[in-house]
Every structure is written in C-alpha cells, then in structure tokens.
C-alpha cells in the first residue's frame, strides 16, 4: 500500500472527499455529478501544481520512495531475454548490483544497475542498494565483456552511495570505484546512464561515466546526501531539508549545470503511478540515443566522451 | 648449519677423515701430505660420481633443501636497484610471491618469484612458498605493468604448489591460476622463467608460461608431488621415492621431454655450495636469451610462444 | 586427490543454504526460482557420459565429431598406463576423456567439447588437451562460439608434466579465441577440479554450472588433510562458487539447452551487426 | 565526514601490528627495515604544506609551476563559500588546494601535483580537478612521468555535483596517460579519503604511502556510525592498506625523494630503449 508523502496530503484529502461525495450521492440517490466534476478538475489542477513545483527536499522524498520502481522493475519491462550474470571473479557476488545481458528491442545490450530492495527482506539481501567493492568489480567485468562483444552498455543508477562499512574499506572501496571511472572512460562501446532514483555520490558515479546521461524527472544526484551535508554544515542531520535546498541535486539543476543531457518525464505524481509510461519514455530515449551513438566510430566515441567529462567545472 | 642428506654421507665421512688426518699430522708433526692428497682426489671423484648420478628422489631432496638458496637470495645478487612492490589491488599481499622491479645489468626488468622461507619464521610468513589467489593476482598485475612499460619479465619458480586451503578455494585459486595462464600467453613482452628449486604443479605453472624456460641442474618440476602420486597409486605417501622414480621430474627429464629449453649448471653438490656461481650462470643465461628475444617484434614473440606451448604433448 | 572425488558415485545431499550465509537470491525469472528450488530438492547430481550430454544439447543430426582417431600414448613409460587406457576404452566405448565437434543448439552453430567423467575420471592428458585446443582453433577459424562442458579430476598423473602443460595449451588457445572476440561458454558439471578448474573451466566469458556440482582447485580430501579439519557443508559446490563470484548462473539440466541457446542468440546479434547496423 | 578527519591535528599513536594479523614483512633492503622500524616509533605523522613538499622533492630551481592563476568560483551560489575560500587563501597564501607543475627529481624530469591538506581540508573542487587534469595532459604532451601527492578530505561540498565530476575528469585523463604508456606514481599522505581515494589516489601504476597515513574511502566516523561499533586500531592506516593489497610500498619521508628517483630511473630505462636497444 502506498503511503502518501506529506506534501501529497492535500491531494489525498481531496481524493477522499471525491470518493465520499460519490458514495453519498449513490447511497442517497442524489445527482452530485456536477460537484464531483468540479472537484475532479480541481484535483487535477492541484496535482499539476504540486508535482510541477516540488522543492528539492520533496524530490528527495520522491526519489527515495519505497514504492518507486526499482531497477529490476524497469529491467523486466525494458529488456527481453534478460539473463542475469553473477560474480566479480575475485571475491563474491554483490546483490546491490544487478548485471546481465538482454535485448532492447532488437539490440543486444549489457545492463548494469544498482538494485534497492522493494521490501525489507530484499533490502537486506541488496544492502539497500549500497554496493561493496565486489559489486563494482562485477560491473566492470561485465562492462569489459560488453566491449568485447561490441554490445552497448545501459546503466541504471539508484543508490544512497557505496557502502561505508569495515569490509568495504578492507576490500578497497576506493580502488574499486576509481578503477571503474578509469576503465569506463575508455570502453570502446556506447554507454548510456539513467538515474532512476537516488544518485549517491561516488557510488553512483562508478556506474555513471557515459556517452549519454539522463535522469528521471523526480530523481536526484549529488556529491553527498542532504543528511550528510547538514551534519557537516550544522552538525545536525535533521536539517537535511535545508541542505537539500542549497545543494542543486534535482534533475532540473543537473541539466542546467550541464552534468546530464536529458530529463526523462515521469507521469504526474511520480514513476510509481504508472511505470509503463516511464518505461516507454526510457525506451524511446535509449533507442534514440543508441541510434545516434552507433553512427560514431569507437575513436570518435572515446574522444567525445572525454571532452564531455573534461569540460565539467567552473572557475574564474 | 648444513645438514647433510643421506646420500651425501660418504662424502662427509671422507671429508671428516681428511680433516682428522690433517689434524693428526699437525699435532704429531708428521708429513701425511701424500695421504691427504690421495684422499682429497678420491673425495673429488666421489663427489662427481655421486652428484652427477643423483636419482630422482635425491634430486627431490636437494631441490627442497632448507639450505638451498631461495628466490630472494638470487634477486639480491642478480638485480640492482630492486624495489619490491606489493599487493593485488583486490584483497591482499601474499608473502609467498615476491614481485618487483630492478635492473639486470643495464636492462630494466620485472621480477616475479615464489619465495620459500629460509627459516621457520620466514616460512610461516611465506606460507612455505605456497601462494594464495592474491599472490597470483599480484603477479598478474605486475606482469601487465611490465608489458605496459615494455620491461621483460623474469620469473623464479620454487613452490610445493598453490596452497590447498579453505580460503584459497573461497577466493578462487583455480580462477587465479587460469587467469595467469591465459594472460601470460599473450603478454607483449619477453618472459623468461627459471625453476630454482621445486616446481609444484599448477602453482608453479602460473608463473611459468614463458618464451624461455630453464631449470637449475638439481631442480624438479612435476604435475604432482611424489608424495601425492604415491598416495594415489599405492595409498601410501611414504613410497614417494618409488613414485619419483617413475614420474620424470628432473631437469634432465624435462629437457628431454622438450618442456624446458635449458639447464643451468650448479656447482658440485648443489646451488647452496656456491650461490655466486649459480647466480653468474643465471645472469649469463638471462642476458643471452634476452638479447635474442629482444630482436623479435611482439607479434613474433607471441606467435613463437604460442607454438612452443602448442606443441607440447604426445599421442598415437 | 583424483580418486577421492570419484569414490562415492552418489553422495548424500549437502544443503549449502544451511551452511554459511544465505546466497544472494535475486532470480527475476521464474525458471531461476525453479532452479534454486529444484537444487534444494535434488538428492544427488547424476553424472552422465559425454555422448549422452551431446545428445541432450546438440540438435539431432547436426553433430560432426572432430579428431575421432586421436589416441593416448605412454610418453613417460608409466607403469600400467596402457592397460588403464585399454580398460577405460572398453568400459566407455570412447577413445578418450573428451568428445569435440561442431553442431547446432536450437539451430545456432557452435563448436563444443564435452568431457567424460567416466573415462579415467575425466583426467586431462595430452589427447584431451590436444583435442580441446584443436576445437578452440576450429572455433577461431570458423568464427563459431565455443561451449565446453567440464568434468574432470584434474591432470592425468600418468602423463606427468606433459599433462600439466595442457593447462597452458588450452589457456593459450582460449586467449587467442578471446582476442578474436569469440564467445566461450564454460559449463561446469560434477566434478570439476584440479588442472581443469585452474585452466579452461574458469576462463569462460560466461560460466554456467549444474546445481550442486563439486567445483574446486584442490580436492576436498586434500584440503581436509592440509587444514586438518572437516570442510563446511556445501563447500566447493556450485552454489558456493556462485556466492563467491566465480559462476554466472546455475542452471538445472532440463533448462541447459534453452539457456545456452538464449546466450548464443544474444551473442549472434551482437558484434558488428548490433547497433551499427542500419536497422535501428 | 570531511571535518572529522581534520579535527585532531595530531593524534595518538596507533600501532597496527597490535591490531590484526601481523603484516607480511619481507623487506629485503635495509632501508625498508628502517622504514618499518621508524614507522613504529613515530608518534604522529606531521602534515606539511604542498609548497614545502615540493621543496623536499623537486631539485632546487627546477620547478615551474602551472596554472597559478586558476581560482575557484561559486557555481552553485553556495552560502559562505566565497568567504571560506578567501580565508583559506589568506591562511595558506595559496589560491587552491593543489599545486601543479614540472620539475626534476635528482635530475629526472617529471610533472608533479601536490595537494595541500590545509587549504579547505585539501578538498577537491573544480579547480583542483582542472589543475590536475591539465597537469596530466601536460605529462601526455611532454611524455613526462607523473607524480601526485594526495592529501584530501574528499570532494568539496560547496561545489556539489561539479566537485564529484572531478573524480571522473581526473580518472579519464589518467586513462589516457596510461594508454600512452606513461608512468604515474601516486604518493598517499595523511589524510587521503573520499573522492580522491576513489579516483586518482588509487590509480597509480605504483602507489607509495607515508607511514601511518589515514587512507580510506569513507571517513572513520562515518564508518563507525554505519556499523555502530569502534574501528579496530590501525584501520585505514598505510600499513593496513599495504596488507590489504592497495599500497605498493611504505616510504618514510626522508627516503621519499630517493625512492621516487629510483623508480623514475628504472622507468627511464624501460620502454623502447630497453632490451630492444643495441647496447645489449
């Protein structure tokens, strides 16, 4: 069952009111169609107003919503014949990263994604979408395999960040992320990344060196979590909302900062309201961009990718 | 202090007799020079006879001798400016494998070697020269580095085998060895391997895919230890001597089977009798072969290396 | 080391899910869930001959065997080896521990090698190494994907160092296959150990395994002797290897042909003819 | 996350040899033994400024600084950022947290970048990323080996996502350097954490570290908050990272210049002019 976010309360209240009114009309056999229609129109207007004017913190809440579709939900809909592949060939298989091969329409692709759990049980096996080094190494292994077989790579990003635990440090979280950044920048195959929920710092970036970078409309991407920033700035993680306001973490901010190339539209109220719509928007984006990228030689691809990464930054 | 092997007893007895005789002559002021000279000549003849006619089991004993020089002893003498480098960048640093860079005469080289301990304490930190997967992965990392910087690779082989333990299996001993075999066969830089003591099965082979393969005169190289074979054949590991006799594991056998290209001479009695002599023989061999290998293009090198490996075997 | 793998022809159920931490189960297709389920239920993994395996994988009538005449020799003059070979041949009606050839999997061409666990314990001598290497070279020549089913107690003692060198030979051939960008799928079946595990078994672009197959470098008894304690339940089984990152996917025998076909299909579409083709 | 690394300017001795298993000590040169010994004795690791570091490493009079005019901006309009920058500049007399340039180490030319731990905690904003990337590009252009001394609390929060992208930028530039076959030595000094550890710090062909430097992805406090327990002694110190396989060699400050020179020397002899030269 979907638990409404606080800024959605006026909407759900109005929705309930409409339901009540209909019920009342039916039970008492009165014609209230006119009233119902007026309220329904008001509801639509209210939704549009609320969802198009979400503040950064509201976006954060939406991006992290338990009900928001996770990578596997999209993978199941986007790719046919998907075969999940496992293991880094060094140490383990990390459930926080899904990797495999499949067909996007008639194109064979490699898919790599962070996977958050859709419930508590899955979240435990997925470590809440926070990978260990073996997750990044599995990703790199299969990205190199994609290069070998000249398959484009599609990554879906959705992570609070790389896991900050003892074992992750022992096994070289820093090395694993760094190594991905280096190798992804030179992979001779097209790479497209889409942030579908939460893009958490280096843990997200390790799957996010791409020829095309998009974000779903209500997803976020930042160097640190709002909680993290507020605890650094004000020694108080409960001021996360205030932090979110200043950190420019929405898809719209990142497009303006030229860190991403496109925003993929979600249905009114967010991706969870109609995953089919989002999936079709994603498919259209992916196929369109792959069509363009496939026209380039690997060398042009690499040079363009480098220029793209190279140009980010601002100074006096 | 050097503990004599049983087949060396006649030698040491005669040596003691000569010492006694000299002492007696001195104490009693008698001239026994003639007798001493006769015995000394007999000693030389005996040594030649014994050491040139060693049976396989005696070679096994010599190859494993605690006093036999270990990789680091040779490394210190062969290479100037040697810098040891550590770690596999995935999991750990394996003391059973030494790796580093240094100068062989005026050639920059990468050196990779199994290192057995020279005493019990070192043996514990070296795991008796039996690597874990991280040892093979360190080796591969630094071999690829050698290729990158166009440095020839020299490997020194001396291991009872890859470690057969729980953690080694968990971390993929098989994968680590296999991966080295595959990559070494295509490294675009000259590789020379020398078995300096014990060449134990896959654990040795993982450092032994080379353009030139030599063995020290009294070293051994086999698919399984004599103890292992005898316990398989006769359910009795104490029959190792009998096993050694049939398994063709001496340098001389391997030369005949065309598995190795050369035998490097040891001083009479074994490498431990005069490491300087062995080192100079090794240096001469290495420099000579590097001179030849350096004339070939990487492609010729790879093709020749492949043909060399490809041709091993015998069938009807 | 070799023999202890083969002593017990059928062994009791070891449920790895009881042993250590539970494996990350994130199957998203019903078949995967079925596989995991079935794996639990299975009392033992039946070993089948290479000939039967080929019938279950390769489309009827499409198999062309390679190198049927290659026969082992006794280069080390190892005592009793010729007799052992002769009785293995008589018992299996095969000349060696591997069958190689080409054929089709649901219509898609491939080169295939299948090891025979009942021919001298599937041990790898020079003929096994040579036949597999020739098969790999055929795959390069014909630009066909390669599938190898492993089942082996390791290197063949009786051919000594020459046997060891087959690890190098097959791995070097696979390195060339990889450089050509040709797909290699390894399918690990019970038991896969020793020199085979330390060479071509672990070199697949994609590594599949049958449920509960024993897969390891050292044999379990050797390890127990080394560490002087009992191995945990489920150690060195397929499920354990998948948890440790060395197996891509565990597939029950009934689904193997379809899974191989699905992988071949994706790879037949890839390459030059993938995104760069004008159809998109 | 950033600040807790820097709060204690001098911290108590943590002896890693007491903590976990003893590190594999196999130094074969007397200097190494000395280094290990000295490391034990050291009560703390003094942080030094980038300017001082360059004096201790680069031959006198040989240093030519790059990009002295590059100065941070406030692209996110982050509150108080300009003031923080101004006070960091005033306190350090530097314009940013990294100095780049070229010079000689015992006569051998190289491009060098040195981070300044006291400029806004050595955090990496876009100027740090840009200066390092330009330095890497210079090394490619001039075919000079590259040395980077790291010292950083991670990405600079005030530049948000742009700061994160400097990890990508520097790593992509290092990938091109690697393709050109040019040597890159990373020298990790106290503290090296966050985005710097997860990019160029861990990408050296050879990675050196000063004794007992704090090196990690996550800061110790963040980890303690995550796992809800105290970290073991010596965790995330240089010696720990070497044991875990991520550092090639620990070198005491007194030996750093000579060690760098020795590595540069070996690499100056390598390459095309190594075995293929007529002198052998």
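Just so it is clear, A, B, C and D label the chains in written order, and each chain counts residues from 1 on its own.
In this section, a residue touches a chain if its C-beta (ideal position, glycine included) is under 8 Å from a C-beta of that chain, and two chains touch if they have at least 3 such contacts.
All values derive from a computational prediction rather than experimental measurement.
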{"item": "Contact-richer chain pair (by C-beta pairs counted) among A-D and B-D", "value": "A-D"}
{"item": "Chain located farthest away, centre of chain A as origin (C-alpha)", "value": "B"}
{"item": "Between chain D and chain C, distance of the C-alpha-averaged centres to the nearest whole Å", "value": "46"}
{"item": "Distance from chain D to chain A - Cα centre to Cα centre, in angstrom", "value": "33"}
{"item": "Whole-Å gap separating chain B and chain D, where each centre is the average of the chain's CA atoms", "value": "39"}
{"item": "Inter-centroid spacing, chain B versus chain A (mean Cα positions, whole Å)", "value": "55"}
{"item": "Shared interface positions of chain B, touching two or more other chains", "value": "89-91, 171-172, 175, 179"}
{"item": "Interface hub residues of chain C, defined as touching at least two other chains", "value": "178, 202, 244-246"}
{"item": "Arrangement of touching chains [line / ring / star / complete / other]", "value": "other"}
{"item": "Full enumeration of touching chain pairs", "value": "A-B, A-C, A-D, B-C, B-D"}
{"item": "Sites on chain D touched by chain B in the complex", "value": "22-29, 32, 178, 181, 183, 202, 205-206, 242-249, 259, 262-263, 265-267, 269-272, 274-276, 279-280"}
{"item": "Footprint of chain D on chain A - complex, ascending", "value": "162-166, 168-175, 177-179, 181-183, 185-186, 201-202, 205-206, 208-209, 221-224, 228-229, 231-233, 246-249, 253-254, 257, 259, 305-306, 309-310, 312-316"}
{"item": "Interface residues, chain D side, partner chain A - complex", "value": "1-3, 70-73, 75-76, 78-79, 126-127, 129-130, 133, 155, 157, 159-169, 171-176, 178-179, 194-195, 197-203, 215-218, 222-223, 226-227, 231, 235-236, 244-246"}
{"item": "Residue ranges of chain A touching chain C (in the complex, touch as defined)", "value": "72, 75-76, 81-95, 98, 101-103, 105-108, 115, 122, 125-126, 134, 138, 145, 148-152, 190, 287, 290-291, 293-295"}
{"item": "Complex contact set, residues of chain B against chain A", "value": "89-91, 133, 137, 171-172, 175, 179"}
